[in-house]
Structure formats: structure tokens, C-alpha cells
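To keep things simple, chains are lettered A, B and C as they appear, and every chain counts its residues starting from 1.
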Amino acid sequence: MRGPRRGLWRPLGVAATIVLAASTLSACSESGKPTLNWYINPDGQDTLTSLAEQCSTDEYDIAIQLLPTGATDQRTQLARRLAANDSTTDLMSLDPVFVPEFANADWLLEFEGDAADAVVDDDVLAGPADTVQWEDKIYAAPQWANTQVLWYRESLAEAAGISDALQEGTATWSQVIDAAAQNDGTVGVQADRYEAYMVWINALVQGAGGDIVSDTEAGVDAQVDIDSDAGRAAAEVVAQLAGSPAAQSDLSVSREGTSLGAMFPDGGAGEFMTNWTFVYKNYEPNDTNGFTDEQFADLAWARYPRTVEGEESKPPVGGIDIGVGAYTEHPEYALEAAQCVTTPEAQLALAVNDGLMPARSSVYEEQELVDAYDPTLLTLFRESIEDGGPRPKSAFYNQISGSVQSTWHPPADVDPERTPERSANFIRDVLGGKALL
Amino acid sequence: MGNTPLRKIGVVVGAALILIWCLLPVAWIISLSFKSQDAITNGSPGFFPAEGGFAGWDNYVAAWDNEQFRRAIFNSIGISLIATLLSVIVATLAAYAIARLEFKGKKLVLSTALAIAMFPVVSLVGPLFDMWRAVGLYDTWPGLIIPYMSFTLPLAIWTLSAFFREIPWEMEQAAQVDGATSWQAFRKVIVPLAAPGVFTAAILTFFFAWNDFVFGISLTSTEAARPIPASLSFFVGSDPFNRPASLLAAGAVIATVPIIVIVLLFQRKIVAGLTSGAVKG
Amino acid sequence: MSTTTAPAGAPASRKDKAKASDRAVAENRLGLKLVLPALVVMLFVTAFPMLQALWLSLSNYALTAPDDRSFVGAQNYVTALTDPLFWRTMLVTVAIMVVTVFFELVIGFVFALVMHRVIFARGIIRTSILIPYGIITVVSGFAWQFAFSGTNGFVNAWLPFVEDNFNWFGEQFPALVAICVSEIWKTTPFMSLLLLAGLAQVSEDMVEAAKVDGATWWQRLWRVILPNMRAAIMVAILFRALDAFRIFDNIFVMTNGAVNTESVSFLTYRQVIEQFQIGMGSALSVLLFLSVLIIAFGIVKLFRVDLAQARGEG
């Protein structure tokens, strides 16, 4: 019995040792100097990496950890770590819409006293400053602000005769869609079933003077307002585009990147496209992208289109806030680092290198930024951020957004008469735990 | 069955169809991996890269340069190998008992294995996530190795017990009669006979672990343990707003290379294992 | 191990009967010892979490609002079972299961026949057929998603009657077709290998005898070959059906559940992992588990599959 038995158990022991070794492997890296993990989203990786190096000190190092591309995936990854009380989540780049949810779940460390004053002062634009606050406390530091404008081909707008309306900022979605349809052009939006579709719908509803939900502090008892004239006006825009020849063939799966190619296609007049600020750098001719100076000169921009005539548009706003994990082992260091990566200098570098616009007013005056961008564009960005409409600020934002996406997708099925009502009922049911999402 | 010309033609056509069926999508993903990323952004329909849209090895270089992807490969190889090793050891013990010994509870083990082979994996991610974060196994290698073991054991036990049942165990006794100790008899006679079965079970187990996606995305959150399939689904290119189709294709091809190598080397064994484990004659 | 059958040092003073039962006891004990690790590992990750899910499913519990946790009894089950979304995902899942298993069975059988008959290039064919089997499902999903893509794929260009810019993922039906294609492509080889093994069991003599009796090829197939492969076919159906019912990877990669393509597995995953609704998610987990049991039971009863016999088990 003995012989064969030992022979069989030995590999088991070896294997058990391997598993143990593997499990302790991750903990081995701890030497004297602590390392703060900073979970970043993929925009501006190179600049953020050098920021992490610059903000590392004699007392601690900052290491970059990359999150997935989509906002929802980013939230999922972070939330799972935090739900597991993970002490190695020190710093995180957060989409502003998720700050309330994270703060409400006690996953974020509050910025108090000097730290709070430093990250939200008078220089920070009102929109971004508002996103980091929850129940009158500050839970994150605004790092950069994002907004959408209407990008288009000047030649297309001229052919359609709506250049003036665009430059005055009075053009409506309806005009833009018709202009594209009648001139062999297309309209690029984000209408896949994901967060950016919610961005579009929210901007349309707010542009008509309404809200998707209000009284969001009430949590699951928030007031649902989407079943309103504003909601119907928004649905009309979506339905009009979906039924128009100007719709791109991949409308129902369109994302930020998918409509870029339609600006300068091989055939056709190009497009009108609502998209974030990064678009400018995308079309700026360089060695690898193959765009010409003539094409770049034809690229124009205007304020986000209006949902209804006579009502100012509410451009979408986004960006990134830096939060500190509630379970970090080094709260002082992390708070200090969060301030370091959101200084005006840091914001300037992100704007110049990556087209990620500053959350601080003063940075827009910096010569380096003015040189890197067309001045009219910078002004447009800043105005859009200031006038923009935020998405609902709720601890249950994810459910609200998911409900809207679910009832408004695919765009071709949006019916102005029924969709807003259906989505209102669905949001209520989901928040009340009465429906599956 | 006869060998009419008609039948011959049918077999040839059928064989060609099988090859096309199996290899066309593989050829497609390889072809896609050679399309340049700019061509993808601006739209490049068609099976082959368009003229001017050929990327050479760029996508492979870029995929390999991606630190997260390299870590994922390392994780996948490490986790799959350890899970395979442990699973095969545990399964060998069980399969031996099932094939050779009479004991109470044999039926129980077999039914359990059967039930687990059919278990809806997704229904476990919630409770497992909860358990793992409580005991600190979340986002670690053992956190994936343990469920991989559980779900590969049924297949491994079946394959192995089918093999073990075929082994002429009398030879062992014959060897002992010839003066070998029981350990020698086991090592010199039984091990060589059982080795192919163990090996086959190991390959099939490895395939399962390499392929797993549900546990990979639910029980990890960083490159500390994230395996290849999960990493591919979160793949991030240089342009965060574009799903880098051709880069992803390059990553997918890299992830498939180990599978193709294993298949090329051990084709016979895999076929034998798959068929003997599930339907024994 | 060998000692169990060669009890060299057994005390000779005892009676034979006692010796035999002694040995039986020892064998019993050894058997249990040997299967115990496997049993523990299998149950630790399945039975124990399933019991926990049963408990969690009785409360309203979201990870993002841990303070609001409360006991709600069967409320989650009532909500799920009265929700149209749940039944829609169930319908989609069953549809995928039926369609994919049907095509896999038919195509897989043709492949098995060819492999059974083919005399040349056996190695190449068997090697090729293992590639889809071994390829990661996620990779298969991506390959087909890009193949069906209007902007970068080739399917639209190759298929007649399909416009070049047709968007396969814009509506439920074409999106499900794309998902099924990926699923069928990847798993048909596995099916064909199982069927090949069954085909090898059919006695050539019987086929030959039928031929002598003047049966046509078609008659031989239906009267002799298929009935004799029954066990193999049923096992293949059972396994593939349960596997298809759990479909998740392809949906996650190809549509992420958009345009009503969610399966029950996908819905469960989203409740637990994306929504952090542990309570509701656990209820769905339990329902998913029960569905699999019902389907397995249904197939076994309906087709009278004798698993023990099919496995060569006494």
C-alpha cells in the first residue's frame, strides 16, 4: 500500500505548493515603499502614465492600471473591486455619472478641509464641480471635462445652405438631418445600446427643456419625467433620423469610433456628426492617419443642434473625476496624489496631448493650449461645457440609464407617441424592483 | 457499402466541405488581422485587406506590445496548466476507483459528475463572487483554478475511467509473479498503459480552462488574474473610441496558436478521448 | 494501488468469508478515499454556492445599497416569473437551443458520414475539425461578428440578395442568425465526433445484410444505421442541448444583449455582475438551474436516454 500511495500523493503535494506559490505571488511585490494603484480609463494613456510618474514621490509610487473601454465596463470593474473591500484600489478615474452611486455605497473617501478646497475652487467650471459633490460633500477631484459638438464638412453645410444657422447655433436636429438627406450626406450619432446612447437621449430631452428624471436625491423614489413633451420631442428626433436616408447603415450599433470614417468617405458628401472633443485630433493630418490638409480645412464645428426651435441646446457633458477608494491603506498619500494629477498643469498636458478638455477655467487661457487648437473651437468647447446638461445625478443612475437604453433601442423602433411613456413606466418599475433590467 | 463513383464524389465533396467549414473562419480572422487599423476605422469590407489597407505584422507587434494582453497570456497559460494538473490528478484517483473498485457511493460520484457537466455556470457567478470576495480569492489565480477544476473533473473522470476499464490489469499481477514489487509493477506496467488516457484527459481539461469566459470575466478585475478570453473582450487599442477589430483579430490569432499546436500534435489522442469519454462502445 | 487485488499479507487464520468481507470493507474504504477529493472539489464550487444562492434569492439586496438589504420572501421569484423580459429571454434561449442543436445534428451527421467513409487525408480532416472545437468561443464570436459587419466584413458581399451595407445587428432576427452561426460553427465538429463514434458501433454486417435484401441507401440509413446509433445520438443531443441552453459567450461578444438577443444566462449575469442585484440575480440563478434540470429531465424521459448504458456503465 505504501509505495504506490506515496507515488500518487507526491504530485498532489507539488500541485498544492504551486497553487500556494501562485496565490502569494501577487502579494510579493511589497517592498518598503508603498505603491498606489490608479485605475485609469484608456483615453490619454501616455499622458496619464507620465503624470503618474511625475506625481510619484519619495514616499510612494503611483502605478497605472488600465480599465476597459466602455463606461459601463469601467464601472463594473471598479465596483466589483470596491464591493470586495479591495485595499489596493487607491485612485480611480471615474465617469462623473457614477460618482453618486459610488459615494452612496461608501466606496469613495470623502475629500475634507484643505483637500476639498483644493480640488473644487472658483477656477473649476461649474459643471465639473457639481459632478463631484454628493449630499453636499466632495467625493472626487475633477480632472478633465468633455463635451460634444457638431462636427461636419463645411462643403456639405454650404451645399445644404445651413452654414449660417449652424454658426449661430440655432440649427435644429431636424434641419441637420434633412440637410444631410438632401445632399447625399449622413448624420453620425452614438446609438448602440450603451452609455453614449443615453448621452444622446439625455441631451435631446434637456434640449427640449425637460428631464429624464428629477428629484434624484430621493433615490428609487425619484420623479420620472421622460413621459412629457420634451421626451416626445427627443423621440421625434431619434425616429426622424432612424427613418431618414441620412441614417448610417450601422445606426443601431454606432459608437464614437464607428462614424469617424463617414466624414471623408470615398463616395458621398460626408457627414454631420455629434461627437466628443477628441475628434479634432483624430482628423488632424499626421503620418499615420492619411488625412490631407484640404480635408482638414473642410472640417467644421458648431454648437450641438437644438431639439426644438427656439430653445437653446444642452450639449452633453462628460469627463473624468479622480476618486479615492474607501478601503485604501494609504488615504493621505492617495488624497495628495489625487490633487497632484488634477492640477492645472496636469489638465493642460491632457488637453494639449490628447484633446481632453480642462475642467478648470484658467487652463483655457494657456498659450500652449491656444496654440494647439483653433481658438473658435476652444471657445465652443468651453461654452458647451458651461451650458451643457448633465445626466441625472442619482445613486441609481445605472438603472436609470439601463432602462432608457433598453426601451429606446433600437432607434428604428422609437415611436414618439409610445416610447417616452413606455420608458417612464419601465424606469419606475426597475427602480421599484418590479421589473428586470 | 459499395464504391459507386457517385459515392466517391460525395465523399470528396463532403471532405472539401468539412475543410472549408473548419478553416474558412480561421482564414478570415487571420486575413482580418492583416488589415490596417486606419482601414478598419474608415471601413474596409471584403475578405482580404484592400490595397493600401495591408498592415503587415503591425497588429501583431501592437497586440504583443500590449502589457495587459501579455499578462493575460501568462495568466491563461499558468492558470490552465495548474488547473489541468490538479484536475487530472484528482480525476485519476477517482477514475481508478470507479473503474477498478467496488464501493458504495460509486453511483453518487457518477451522478454528481453528470450533474456538474450540465450545470449552468452562470448561476454560480453571483454566489461565487460573494464567497470569493469574502475569503480573498477574488481576482487571484486560485480563484479561477478552483472552479476550473470543478467543471473539468466530470469530463476528466469519464475519459479516464473509460481508458482505465480497457487496461488489462492482470498484467500487473503477472509482473508481480515475475518478482516485481507492487510499486515496480504499477510503474512499469500500469503507468505506460494509463498514460495515454491521462494525457488525453489533460488536453481536454486544458481546452476547457483555456476557453472559459464566464468565470474569467466575473471573478477577476485586473490583469492579476484576467485570462485571455476576458482580456480579448475588454481589448483596448490606441484609440479608445474604436473597437480595434484588426488588433483584436491579431490577439485572437495569438490566443489560438497554442490550441492549433496542441491539435496538430495530439489529434489522434483528442479524437479518441472525446469519443470514448462520451459514448463508450 | 495494486495491493487491493493482491492482498499478499492477509492473515491466513481467518475464514474465507470473513476475509472476503474484510477485503470488501477495505476496498470500499479505499474507493471512498480515492473519490473523496473529486467529490469535494465538485461540490464545493457548485452545491454550496447554489445553497447560498437559494438563501440570497429571498432578500432584496443590492451591493450598491448594502444598507437597504431586507428579507422579501419569494418576491424576487414572483417579479421574475411575471416579468415579460424573463419569458422573452427564455423564448430566445429555447429558440437558440432548438435551432443550433438541429443544425448541428444534421450537419454533424453528414460530417460524421464523410469522416467514416473517407480514406484519404484522414489526418488533415480530423485535425481541421478539431480547430473549431478548440478555438476560444470569444474568438469565434469576434470572428463572426466582424464577418457579418457591414463596414469590415465579407458576408454581405458574398451573400446574394443581401445589400452591402445591411446591418445584421440592427434587428432581433438577423442578430440571432449571426449568433447561431457562430455557435453552430464552433460546436458542430464536437457533435460530428460524437456521432462518428456512434457510427463506428454500427455493425457492417447488418448494413451489408440489409443491402443484400435490396434496401436502398436511404432505407439502410433510416432502418439500420440510425436505430443502431440511437444511444450515441441521444447523448449528443442531451449534451449539446444543455450546453446551448447555457449560451452566454457569443451573445456577450456579438450583441451584448442588444436588440432582444439576451439569453437567460446573459440576463442572470447582468443582474449579478453589472447591476449588483444580488437578491434578484440569485433568484434568476436558481430559476436557470431549475430550467436546466427540467430540460435534462425532459430530454431523458422523452427520448428514453439511458445514460448508464450509453456510457457502458453497468
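The rule is simple: a residue touches a chain if its C-beta (ideal position, glycine included) is under 8 Å from a C-beta of that chain, and two chains touch if they have at least 3 such contacts.
Labels paired with UniProt names: A = Extracellular solute-binding protein; B = Carbohydrate ABC transporter permease; C = Sugar ABC transporter permease.
These numbers were taken from a predicted model, which means no experiment stands behind them.
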item	value
Busiest interface, counted in C-beta pairs	B-C
Furthest chain, CA centroid comparison against subunit B	A
Inter-centroid spacing, subunit B versus subunit A (mean Cα positions, whole Å)	37
Centre-to-centre distance between subunit C and subunit A (centres being mean Cα positions), rounded to whole Å	39
Whole-Å separation of chain centres (CA-atom averages), subunit B against subunit C	15
Subunit A, residues touching no fewer than two other chains	4, 8, 80, 83, 258, 261
Subunit C residues counted as touching two or more neighbouring chains	1-3, 149-151, 271, 273, 284
Sequence positions of subunit B contacting 2 or more other chains	43, 90, 93, 129, 182, 186
Subunit A - residues contacting subunit B, complex	3-4, 7-8, 11-12, 15, 18-19, 22-23, 25-26, 41-43, 65-66, 68-69, 73, 77-78, 80-81, 83-86, 255-258, 260-261, 264-265, 276, 278, 282, 288-290
Of all residues in subunit A, those that touch subunit C in their complex	1, 4-5, 8, 72, 76, 79-80, 83, 101, 104-105, 192-194, 219, 249-253, 258, 261, 395, 398-399, 402, 409-410, 412, 433-437
Residue numbers on subunit C that touch subunit B, as the complex places them	1-6, 24, 27-32, 34-35, 37-39, 41-46, 49-50, 52-53, 56, 107, 110-111, 113-115, 117-118, 120-121, 123-140, 142-144, 146-147, 149-154, 156-158, 164, 185, 188-190, 193-194, 196-198, 200-201, 204, 207-208, 211, 231-232, 235-236, 239, 242, 245-246, 248-249, 252-253, 265-266, 268-269, 271-273, 278, 281-282, 284-286, 288-289, 291-292, 296, 307, 310-313
Interface residues, subunit C side, partner subunit A - complex	1-3, 60, 63-66, 79-80, 83, 85-86, 149-151, 165-167, 169-171, 256-259, 267, 270-271, 273-276, 280, 284
Interfacial residue positions of subunit B with respect to subunit C in the complex	1-2, 7, 10-11, 14-15, 17-19, 21-23, 25-26, 28-29, 32, 35, 40, 43-47, 90-91, 93-94, 96-98, 100-106, 108-110, 112-131, 146-147, 149-151, 153-154, 157-158, 162, 165, 169, 172-173, 176, 182, 185-186, 190, 207, 210-211, 213-214, 217-218, 228-229, 232-233, 245, 248-249, 252, 255-256, 259-260, 262-264, 267-268, 270-271, 274-276, 278-281
